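Chain naming follows the written order as A, B, C and D, and within any one chain the residues start at number 1.
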Amino acid sequence: MVRFKSRYLLCELCVSDQSSLQLLDDRAVFTGVRGAVCRAHGDYGAALCSVSFAVKYLNADTGVVFLRCRKSHYRILWSALPFITHLENRGQKVPCAFNCLYVGGTIRTCQKFLIRYNIQQLHRMLPHCHNEAERLEVRRAVLNCSLKSLEKEEEEDE
Amino acid sequence: MFTNLEKCPRNLLVCEKSSFLNEKSRHDIHVAKHFFNYKVSILIPECGIIPSFLSSVVNGFSKYYLVRDLPLHKLLEDEFLEKVVKTGSLYALSYKTRIDQDNTFAILPTGQVILSVDKDTYEELGLEGKASQYNHRQPMRYVVTIDMTDKSLAPGGKRYKRVMWALKEKVQLTSDFLLARYSIGGDEEGLLQSCLSQYSCKELRPSVSTQTLRDLLCPSLDPADLRRDARSHDPQQFLEWLGTVTMDMSSNNEATSFVSTYCCPEPQSSMSQALVYTVTGLLLPEDIHSLLKELRRYFDEPRFTSWLSMTVHGFADSPISWGSTEHGFHKGGENFYTFVIFKNQDYWLHMATGANDGCPP
Amino acid sequence: MGEHASYERLVFKNASVYHYMKIDLILESEDKRLNAAHFKQLIISALRDLYGEIGAAFPFDVLKFEEDTLTAVLRVYNSGLVKLWSALTLLGSYHSEPCAVRVTQVSPFLLALSGNSRELELD
Amino acid sequence: MAVFVDLNISHTVDKKRLQNIIETAAHLGYSTVAINHVVDLQQKKQEIGKPKCVSELFDQFPIVQGKSRPIKVLNRLTLVVSEASHFRPTNEFKSYDVVAVFPKTEKLFHAACMSFDVDIICIAVTEKQPFYFKRPPVNGAIDRGVFFEISYVPAIKDSTMRRYTISNSLSLMETCKGKNVIVSSGAEKPLELRGPYDIANLGLLFGLSEGDAKAAVSTNCRAVLLHGETRKTALGIIHTMKKIEPTAERREEEEAPVLKRARTEAV
């Protein structure tokens, strides 16, 4: 049996107001991205992408999104992402931008990257802490959260 | 983005530069080997009416015949072979048959018979041939070449009988044919007609049309510079320009214009008028050769132009292009050549073929 | 043979950067008129439908357009040929009225469009 | 490299329109067309009738453009099946030149590929494919010489259907690798038909290679017609028919073996 090769796009949703991310769900991201692909690449692009296209994971707290599509067509999906200016859910508009962080062949490699990326971010953000108390607070939070909930780390960054 | 959609069929363009006065010049061979010509168009810059010596050559072009429902074996019977095929050069091409769909037949003046047939016919025919070059997954088309001048195929012989049996008894290959015969004497008026009297036979003459174009831009040509390294336009650009002229398109657009951005290649000069003279029909290489000779004489008198061009289009559905090189039809079936003749008897020759074609000689 | 041009031979494979298409637009009602600009706009909108904004941005030229017969000659880069052709094939309506584009000939050489032996009619 | 064929011209009772479509097809260069009679077995009281004789359509069939032959018109039956029990081969099948089936469920698709005595399996183009194409049934169909059909007219008419057409055919191509595919129109109006070279180019969008795309309107259709012939006859070797003469008793007539089985194999 031949395996259909996929590509996973690890994206970060950039929003001005972090809380607005809570309004989004998989469905909203799915339709938003599909609409963007259709605008940028037309019916043909949309048809190509729709083969095995899925939102594999959405973290409404950190804005991390995993998109999956066929390996042969991931560039179509990727090139449409910059044209997204907002997503819509239940009539509410969320202005946002997609920032593609990593493209991987499996969810696993994407996850590894995400951990590395978040650690990097943590190191970058830590010096910005205003006083020792804040710093300790961050450290405590990081130690508190188990490895399972990686996404918490990023939340602490803010 | 869509890489699978960005490929397109290959095409070939062979450009030659030489002089008619060069002893080794092969222009006559190229002309003689392009057997089935459909259209000749001549472009003479700065010329209003066609010189009489040219039109008289064209008027002397051989007649050709359209014969309906002619069985192929008729053309290979001893009598016909002796009388027609072996005494002059016979050109025969099946008419209204498409090389990518139907069985197509051609008889070359060299005495070769070429059958390009589909798989079913090939299997029933039982003649030896080889698979066409342009097959996909499984061969669906075969090319059978029979050389009638071969000694082993002499009428009455075993192999000859087998060929006739295959074409007569096994499968009656019948088609409409375009026939023409070139003979130096020209004494056998109606020889073809008399031989094929039992079939509906229509005599046809090549049709001629003239068109005068006014005020156009034209690229400046330098005979020594085929490749155009020094200048900015190359053979493709010149051929493209020639195309726009023969199809009467505007060639002075702005780079920003919406509809078309085509511009005449630089360096350019303007031309007050030009003559496009076209002949259509089954045109024989011999006739084209004599036309070419006359065109060279055009510069015997002082003229305003330093060059003129002649384009010869081949039949898109002919089974061969040059010599016995296989020809096919993928999307366009193009096979043509263009002579650019200069005042000093230098020439450029551009030969082009499309996707399912062998390379021009 | 110094005075004559010396022999030179060049072979180009896929030399032409363009492909040329000869097409016919067929409208259901024959009283509609359109000019070259409308015609190009129609093709661009067909491209946009099938290939989106990015697809609609690739350049092509309408080298010739005859308003009475609605025939045209298009020039397109090789890489855009399949896209343009398929967009023309899937073009089904003009101003919500059925229409069709018939492609008569496609060639990498413009000259070849002026001598199509499939147009030969001797009857 | 064979003649161009369109195996799906929608049947209408409007004779004038049908004539119009066939004339257009001839003008576009199709040498053979098949008139498609659709029978939806879901609805009750749907009977497979005998098709009208095609010779009633024209006194003189239109000449194919660029050729001196008239166009050949055939009859085709398409059964829309959603339950396996509905599919029952009847004698009426024999009066059609080509029989197609449009399976609505995965189970039926499997059955159609592996066992149904049909020539064509239709692929959904107006809706999202409700199941995945699995390799075993698709390969089974290819081995049996059954072809998959994609109709392009819905893609001309509507943007959403265009998306379904393309994505469904792409997922089919992932499994069948471009083998045993035919592309046909499904036209109801003359203006919906497209020329054979246009379709060969359109095939690239459906995930076919250039050669496969041209085969999809020519050689593969020829294979379908031959396959249809083998169904009507005993593997294309023996052809039985009733003698209409009232006095003569029923006799089996043996025709020359026009077909060899090998020829119907997929190309």
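We take it that a contact is a pair of C-beta atoms (placed from the backbone, for glycine too) under 8 Å apart; a residue touches a chain by one contact, two chains touch by 3 or more.
Computed from a prediction, not measured in an experiment: that's the story for all the values here.
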Count the C-beta contact pairs for C-D and for B-C, then tell me which is higher.
B-C
Of all chains shown, smallest offset between own Cα centre and global Cα centre goes to C
Separation of mean Cα positions, chain D and chain C [Å, integer]
31
For chain B and chain C, let me know how many angstrom lie between their CA-based centres, rounded off.
24
Indicate the whole-number Å distance between the mean C-alpha point of chain B and the mean C-alpha point of chain D.
39
Between chain A and chain B, the Cα-mean centres are separated in Å by 62
Which chain B residues sit where two or more other chains touch them?
1-2, 5, 7, 9, 98, 331
Name the residues of chain D that each touch 2 or more other chains.
66, 159, 162, 197, 201, 204-205
Send over the residues of chain A in touch with two or more other chains.
41, 43-45, 48, 79
Where on chain C is chain B touching in the complex?
1, 3-20, 36-37, 40, 54, 59, 61-65, 73, 75, 78-83, 86, 105-118, 120, 122
Residue ranges of chain C in contact with chain D within the complex
26, 28, 49-50, 82, 85-86, 88-92, 98-100, 102-103, 106, 118
In the complex, chain D residues that touch chain A
135, 159, 162-167, 170-171, 174, 205
Residue ranges of chain A touching chain D (in the complex, touch as defined):
1-2, 4, 43-44, 46-48, 50-51
Which bits of chain B are touching chain C when the two form their complex?
1-2, 5-19, 21-25, 38-39, 41, 66, 95, 98, 202, 204, 223-224, 226-227, 235-236, 239-240, 242-244, 246-250, 258-262, 280, 311, 313-317, 331-334, 336, 338, 344-346, 352, 354, 359
